[in-house]
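The structures come next, written out as structure tokens.
Next, two complexes with chain A in common: one pairs it with chain B, the other with chain C.
On to the complex of A and B.
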């Protein structure tokens, strides 16, 4: 029996670094560990003893790509502890900020990280020279998203204008009006992007996913909603700890999430689409139809099409909010801290992001719990990889590595707080 | 000074000295001619390329990890794809330069400052030698643009 351990180049096009270890014996994968994510336990500890006002800014630093998601889940968790609800134009402004982040994050993933997989390039940069028109469209989309985040968030990265109860400062209608023009163009670019990515050649692979995403009665849930599962169950955010349990497993530093006792569910673009596609804006719905997406998409490679559809929706809804905007009377609703526990969840670009805080009578954080989407998807991504690798163990190493990289990138994992460099170690006998 | 100028700070606030570039830009706010555009970025190449598109001069400040003493300011540094920048992301300035080249969107002149970091630990404070380097770099930029 021969034994080989081969080290292969990193998963360069996921946000951050990580490692994949595969062990196979006689054509069967016996062990597979993906080490892509360091859960934000450090931040949970850091938050203890801090004022209730601090989690939005502190947790925003966990991710350079989706700080708004962290801010929105944090704010809503603390507001729920205090019995505060942010509604009307203040909620619209939060949505607007969040749509900006979605457009930016999805554009990065679609154009620079995911599309090269389908067009046979090593990287987005290598692809750029041959596909300038597409990349230019990506830049225009990024710019529209960036302007929303900078205008609402106070600056382009790590927004500083968000607070529990609302904002420090709200924009005047004349500050938002100029953004509309850029968004109208961005919406056209987004529609073109859906047509472009829908024409890619997709591997014929479907998985029997168990999806989890927030669901909202009136919108394609991004900012808030109740967790819903594709098996038909649903529960309020306050019941999250009873349904989703993270546990330590041997030989891994990552926590593995289980939903109602079973691991391996999926959150993110495919889950949102499967559970909420009828709530997409009419334009996004028709783009999805034209792109050949049914009501549910189980092919992870096609998630690039779903993300493009979500960009259409984000542009469309952002425009609707700007056109109907009236300036709120106050930038934030009053907040009176009381002792209690609060739960908040929102749909980060990569999936459901849950926060829970216990606040004491002095308004200080006594406990913090953050469950990010990539930690939830970890087991499911490993299942995707196992299914993909086993029939292809005879492939040349480089080809197998490329296939694994694609399978991971399909789920746009956010691993930016990880300090590892990704490498693939395959031990096959 | 003539033409359009942008100053772009790259980095992340959560990882100690990785915030050096961002801190330089923050300390420059309100001290430069109003025509100079100041931008902070996590290093996303698409964002960086957009920020410097059409600029006659782009000054970029990023944290560096080359083995030099912490606080060393590398002037007119040229990043290598992986070794130069200790980034919390896989993508960085080297990718932005390559992307700018491919799309014909490089600034007329690109001036890069690399600030050698000492501690990139989660939530580590910016270290004293890097604080000094931030002031030194901001002074150099003010001198160039003032």
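On to the complex of A and C.
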């Protein structure tokens, strides 16, 4: 009997820290656990008793890489509890802010975290030694995204200008105009990026994924939409709790989400692309075609190409909004708190992010529920790993470990963004 | 041995405890400076950015996050041992962060709200700043930290001098920036008078009151501010909440919130 235990220590280049435990016997994986070293921070508990105005600022602090996603899901959930809808130019500004975050977050993942895997470097900075031009392009893209967020939100991390109902201050057209120049350059960089990453060497692996992403009638859904599943199921956001249930798995103590009773579905770039690719901007669609993506991409390693295509789309759409921008009359629509329950979901760079709040008659949060993308993807990531490892059990330990790390990074798991991942403790038996 | 004596590049490490990663991301957000920093310093340990963690000791450790588990209380001691200089970055590391709101509640009750099986969760009753656990050479504030201040910390380290980070209030920055005072002119509640500068008076520039994300300024008079905020219509529970966000356990903010709570 061969008995092999692979331990990766800190799992690097995912935001946050995790570890993976694998046990195999006679060529079969008998146990596999993705361990997350994220100490719980209890957001859902500490939100209780806070004012309805506070979740955008407080939940932003769940994740420094995608704070806008948290702010947008939170605002929309609370607005839905009050029967308020943000439309027109105010909604456009929200989209613009969100595109900025997508550009920044995807550029970070593509250039600093994911590309080094394909080119054999330990980090983006190390990659610069031989590929300085590519890294500089990535940093320029990232900067363009950050500038968009900082102009609209005040700063790139935890923007201060977001509120329930809209913004504190809306930009003058002349504040936005200078961004257009940078975005046009960014769009060129993004197109070059698609070409560059499409040429990487991809392992020949496909999984039969069950995808979940928001769909929107007129957009490649990012800010809002209704959850749709690749098996044809679709439901309004208000029905989320009836479909997605989070369970604390005793074996691992992590919270795992199940969709209609089954775990192991996937949310994120591959899911969005599979469900919504026809809604990408024409330029992004043609970039995807040239990159040979096809209508659905089931190879998780290729997700880097899908992210690059999404960056093209985000630059394109951001430019469209800036060019058509007229300053709204008011920075925010008036909001009158009433007792009720509200649901909100948006597409964080790494997948669907759902918030639910129950607000009391005084406008205080009575109950909060947050389902981050990584909690949804964790089971699926473990399935990917299992499939990947079994045929490669004979690889030298270090090589196998590197392969596993890559398989995890494929899904851009912002481990911090999983508000309630925690450290694993094994039952000593 | 000290990097300056051996002539090698100083070695940088970035550590994470309970946090959102926003403060360490600030380093990667230095798009224009990142490659020159990497030329000046060896980025030896930075899990968010590299899969090849180099062994210690390190010349400069940047520490993000607060201490909330028994394991982390051990780990920070190790970090201190392998670090020549240790600088904490952000409200989590300098003040316990938003997760320190547990200090005003019952952490077991918190645990049972989030987890069906709270017995699996190993967590401490308090979220403590790094300085409550080990000696710290410098503390950089903000939720998140400001990029320019981070660059100042790194530059100062390389020049072997103390970072120049002002301890005055956001109000001073507001005046320097030419902002209209939102408190006086618009009657918007604002913590600027008691909050440390560093952000460039961001919120008032966006027509919003400061919510104190950089923590208390060197000298504060929250009594006078509270009187003004009450006059603007803030209730005592409102006041308690406004001081209890990302720097709730910093003494001046804790006192101000407890004063308001006493009145409530």
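Definition applied: the second predicted complex is superposed on the first by the 401 of 429 C-alpha atoms of A that agree within 3 Å, B and C clash if a C-alpha of one lies under 4 Å from a C-alpha of the other, contacts with A are read in each partner's own complex, and residues count from 1 in each chain.
What we mean here is this: a residue touches a chain if its C-beta (ideal position, glycine included) is under 8 Å from a C-beta of that chain, and two chains touch if they have at least 3 such contacts.
Not measured: the values here are computed from a predicted model.
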For the combined arrangement obtained by superposing on chain A, do chain B and chain C clash, or do they fit? clash
Answer with first, second, both or neither: which of chain B and chain C does A:61 touch in the superposed model? both
Figure out whether A:111 sits in contact with chain B (first) or chain C (second), or with both, or with neither. first
Using the touch definition from the top, say if A:154 reaches chain B (first), chain C (second), both or neither. second
So in the superposed three-chain picture, is A:146 touching just chain B, just chain C, both, or none of them (first/second/both/neither)? both
For A:46, is the partner it touches chain B (first), chain C (second), both, or none of the two (neither)? both
Touching A:124 in the superposition: chain B (first), chain C (second), both, neither? both
Running through the overlay: 109-117, 145-153, 181-189 or 235-243 are the candidate stretches of chain C; which one clashes with chain B? 145-153
Common interface residues of chain A with chain B and chain C? 10, 12-17, 42-43, 46, 61-62, 64-65, 108, 112, 123-125, 128, 132, 135-136, 139, 142-143, 146, 155-158, 416
The chain A residues in contact with chain C across the complex are 10-17, 38-46, 48, 50-51, 54, 57-58, 61-65, 67, 108, 112-113, 116, 122-126, 128, 132, 135-136, 139-140, 142-143, 146, 154-158, 160-161, 163, 167-169, 247-248, 250, 253, 255, 331, 402, 405, 414, 416, 420, 422-423, 425
Footprint of chain A on chain B - complex, ascending: 12-14, 22, 39-47, 49-50, 53, 88-91, 95, 98-99, 102-105, 120, 122-123
For the complex, which residues does chain C have touching chain A? 16-26, 28-29, 31-32, 34-35, 38, 43, 46-53, 68-69, 71-72, 97-99, 101-102, 105, 107, 109-111, 113-117, 120-123, 143-144, 199, 202-203, 205-208, 211, 213, 238, 241, 245-246
Inside the complex, what are the residues of chain A that reach chain B? 10, 12-17, 42-43, 46, 61-62, 64-65, 104, 107-108, 111-112, 123-125, 128-129, 132, 135-136, 138-139, 142-143, 146, 155-158, 416-417, 419
